[in-house]
């Protein structure tokens, strides 16, 4: 089998995580995963949603969007259509859950961190790239809170990163780009923590059902790829002006 | 460990699938899974979405809703709030994908079947109950099309059913009710086909990450429960007026 | 004249009022009026709308909806279309006004009871069935408040029930089903209290104007039908678990 | 009993119907009913709603709105709030039905007349004033179609006009202004045709139920008032530039 | 060059400002500028927007709307379409900014004046007519506040009025009506204060760019026309019942 | 006077126009004007709006958006709020008009070019930067159409670029950044064509009215700045892969 990109079945695309990309945000990271580019920012808001008021606990939430021409053909602007689509809502709920799985909400205190993941250019895997970059922005924003004395211990207790796998022409492959993704039989997204845990699995066999063997093969690929992502994340946090400056 | 309901860790709730519940729909099924009751109807529409016009292929789609007081405390009516929430959109997209995974869209011809899953009473597991019942409604609607000569072969090529699993107080359990669900550490939904394939996996460790062992334990439980669901589905199709009458 | 259903011109359809249908609601009633089935629930909310804050008075309000395939052909889901239609708003305003006409809002205290009327299956007369069933759900919810000591006297001071009349093939008839309704020259809905009063009249001659004689003939039919409805309501309240248990 | 306005119980307010008020509309009428002023315009649209395409039949529909400060205190602008309220939808549906009851839709041909009733100043009775004025605008627009040869016979087969009645301090009174209306026990709107028929009755006893005697007393008042309205309507049509010029 | 209306290139249309037009509003003015008629009302609201709470400062804001058949052909009702269009929002923002430029918000105290400009009939120049009339309504409302002792000095520190200019068949002309406006090469709106200052300029050469000479020619025309407008405004304030009565 | 940035009163910020930034768009340009960064893309759509169907003419339109954290403090996402604000609509209408002023719509043929201007980072002057960059994206998309033989002559007949001016601490200054803009007495945006024409002027004295002298001073500054912008635009078109490759 040859992948359209010529990559090996277990090869990630070229990935860079550029922290400190945004002038204004408390934390930010531009993820480039091949031709998929996502800008992730973290904004600290001293107010919590009403269900957490007076609870002593904080919250992490996420919003996701695609620039209209981030895609091969232009998509309608969601703001102009007057609502966010189902795919958008599904992805931003996934990002928020994934980040909260590694956040000690008590340690964060009664404040909210809002993550924005905006796709500047799309070539497959925008949701997993968003999670990987969002974690960097979130971690930096929390370091800034620590530095400022607003909190007394780091609420982010582990890394969380995500990668897609799929079955393309009968083979399990890692990190699908758009060409593969649009022809994949199975499409799966794995969100993982650095300690080896699974945070979220979304696997879909819309074309046809898949076996447990296939699931396991994809899990193996995802776990191997995860190690690279965690290392890149740590490096990006280190090179952010807050640490590097 | 004792489950709140007293059930064994691998025991389904009492489940009934009542077909022919609706006077008007081309196919219908009232699913009762313990105290979770969902009415599923299938409506045949001779028009397809525009992206399928002149393709010779049909479509299956789904909508999901909860009656405002199907829940413990009243939820706002989505029609009054003016939009469907993210959870609703996520669930109805899942139902549609799951059904399409076992539908031969060419055999269906250029028409659309719209599935409505409306939760009359909720006690956990409404999305999986919806999928299980939706399949019955869909299958009956297709049998009606066959009988009427509108199509020449059955487009539904396998059963699809779904069940939830989770980790409650450290143990993997099958078919969580609301009491368990709201206290579960891990929450997973498995959509399966009768031939043993997996159609969709959604597993979430919002509280904390989970291991592959836990994933496998839940998969074992789900597969065992699936057999019962497929049998109940076949029986419901047989007892529908279209077959029984 | 023969009615499509074979009923006498002054005959109601077979009507049952099943109280205690909902596990969660403070009061509930499933009305079956022939093939028209409406689930009515009453939910107690300890907050009042802002215009009543600190007034010592409570409020009763209603919402109405139809399941998309409760009708002969599928109707669009209002939640998906993003707004409730004019007919829906008109009906739920009518239900709320009708119930408030027999409610002592001071006796209710500063709380709100929200009535949901959801049409499970439609065959004409859904708005009048909703009113008749809503009253049962409301009454039971108030009995529960009394029993719990939250209020000291019953705020529901009389029964309220509703029935449709019309002119079908030149004759005034009671309780139209869909077949008659869609061919009726005149369409009228009467909301009545048990003491013989009129709470609301909505009579429409869209096809052509009608005379006062016709109005009086329809009123006579409605009043005769009302007696049956009030008796069924009292019985439904008696058989609710709160009283029967 | 003294009415706040000093009028006799059966006295209308001072009413004028000024046709030809609008430079652009095919028919128009400014109704002044005391301090209630409504501008009614009729716009001819050569397209019909899709359900009438190729039916050979036309349609008459209506929209209603209030200027934000037509009322005692300012109301939110519906366009700014992003939706029309239930009261607005209810009123515009009533206006449309009332006009269609006296329109021969076949004679109108496959075109639509859209009536806009916009309340410039409100002092009670805006919906009945709207109907009375809307008929004038509609009739003139149809005369213009006749004159232009677009249709061959007048589709408006009778006058339709409306007036409110109520019970104020125990007495049935005609044509309530805002002071009376906001204190009325019973509130009723009667839409009548010139041949003595009833087109629509909406009677509400929100405060308390009412008797058939009260209904009959209000009907007597409305019928007496109707004669004046029909005469004013005919005169307004005669003085429109289309006839007077 | 002959203008369609026969007016000289520097001639305003016949303009009247009728104050006290509305029974309910704190200030009101019906502007008639040829066949363009706009009703402007000022409503005093004792609450300010949240960003001004506890600031000691007030606010002036505006909303703009067109009756559906104020135009040559009927436009959709914005309330029915569910949102205000871009042109509407742009105009109402312009009106608000223009009025605030001559308002001492501290002198107004912590309250808000909401201006509504509703176009009853349109024949070009509705936005400039709105500003000219809105100022009259605002001034009168402030006089009423002064008279009532709610404020101690007049917050309106100068007149503000507006007029359109354009280039029609190569000549700069003042106060375009619809016929000219829809054929103009350049379209400009000038908002001016009585002391000779410019409050806002919006000049557009959508067809083709324009020179500074043309801009200056239009500015000369606008300034000459402004004098007439300021005089009419002062007279309208004087003849309002609050002063004339 | 010292400007916060230390720039001379007539100095532009450091400006770069990077064409070919987007992988997918037919034309693209990332404008960096100091810390204001806007991504402009041009998308060719072979369908025109319905009002141009069968007219032989094309259309150019624009949409504008800001990433939620492009600003100093996070702004709500318009897609999540369900509508575009008035400022957004105003800006995107301005961009569209400005581009159409230099486009020969007949030469474009019956197709539409949609420009998206998305603010990645904001520091004042986003609307003028958008226009300047949008022109580059538009020009490149048209060159691509020419190259592909879809059109036979270049429809873009001149450059169009924009710059802001204002009065800061009593002095007229060019190209305001956020610090100046939020303290400016006068705020003006000038859209200019390379042949020395004015395409659009928007000048606002919300704080207080301004004189014609001030207007002229700002115009002088804008015209001087324009020359630099036009040169940068031409260079960006030359270095786009379509020309440079």
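Here the chain labels run A, B, C, D, E and F in written order, and each chain numbers its own residues starting at 1.
Methods note: a residue touches a chain if its C-beta (ideal position, glycine included) is under 8 Å from a C-beta of that chain, and two chains touch if they have at least 3 such contacts.
Composition by chain, UniProt nomenclature: A, B, C, D, E, F = Ribonuclease PH.
Just so you know, these numbers come straight off a predicted model, no measurement behind them.
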**Prompt:** Fewest touch steps from chain A (Ribonuclease PH) to chain C (Ribonuclease PH)?
**Reply:** 2
**Request:** List every chain that touches both chain C (Ribonuclease PH) and chain D (Ribonuclease PH).
**Result:** none
**Asked** Same interface as A-B shows up in which of C-D, D-E or A-F, over half of contact pairs matched?
**Response** C-D
**Request:** Note whether the interface between chain D (Ribonuclease PH) and chain E (Ribonuclease PH) is symmetric in residue numbering, meaning over half of all numbers used appear on both sides, and answer same or different.
**Result:** same
**Asked** Comparing centres built from CA atoms, which chain ends up most distant from chain C (Ribonuclease PH)?
**Response** F
**Request:** Nearest 5 degrees is plenty: how much rotation brings the CA atoms of chain A (Ribonuclease PH) onto those of chain F (Ribonuclease PH)?
**Result:** 180
**chain C (Ribonuclease PH)-chain F (Ribonuclease PH) separation of Cα centroids, rounded to whole Å** = 59
**Inter-centroid spacing, chain F (Ribonuclease PH) versus chain D (Ribonuclease PH) (mean Cα positions, whole Å)** = 51
**Fill in**
In whole angstrom, the CA-centroid distance of chain E (Ribonuclease PH) from chain F (Ribonuclease PH) equals 29
**Request:** Return the distance between the CA-based centres of chain B (Ribonuclease PH) and chain C (Ribonuclease PH), expressed in whole Å.
**Result:** 32
**Message:** By the touch rule stated above, which residues of chain C (Ribonuclease PH) touch at least two different other chains?
**Reply:** 82-83
**Request:** Name, in rising order, each residue of chain D (Ribonuclease PH) that touches chain C (Ribonuclease PH) in their complex.
**Result:** 83, 85-87, 89-90, 92-93, 97, 100-102, 158, 188, 192-193, 195-212, 215, 219
**Item:** Partner chain E (Ribonuclease PH), residues of chain D (Ribonuclease PH) touching it in the complex
**Value:** 22-25, 28, 35, 39, 41, 43, 45, 63, 65, 67-74, 77-80, 82-84, 88, 114, 116, 118, 120-121, 123
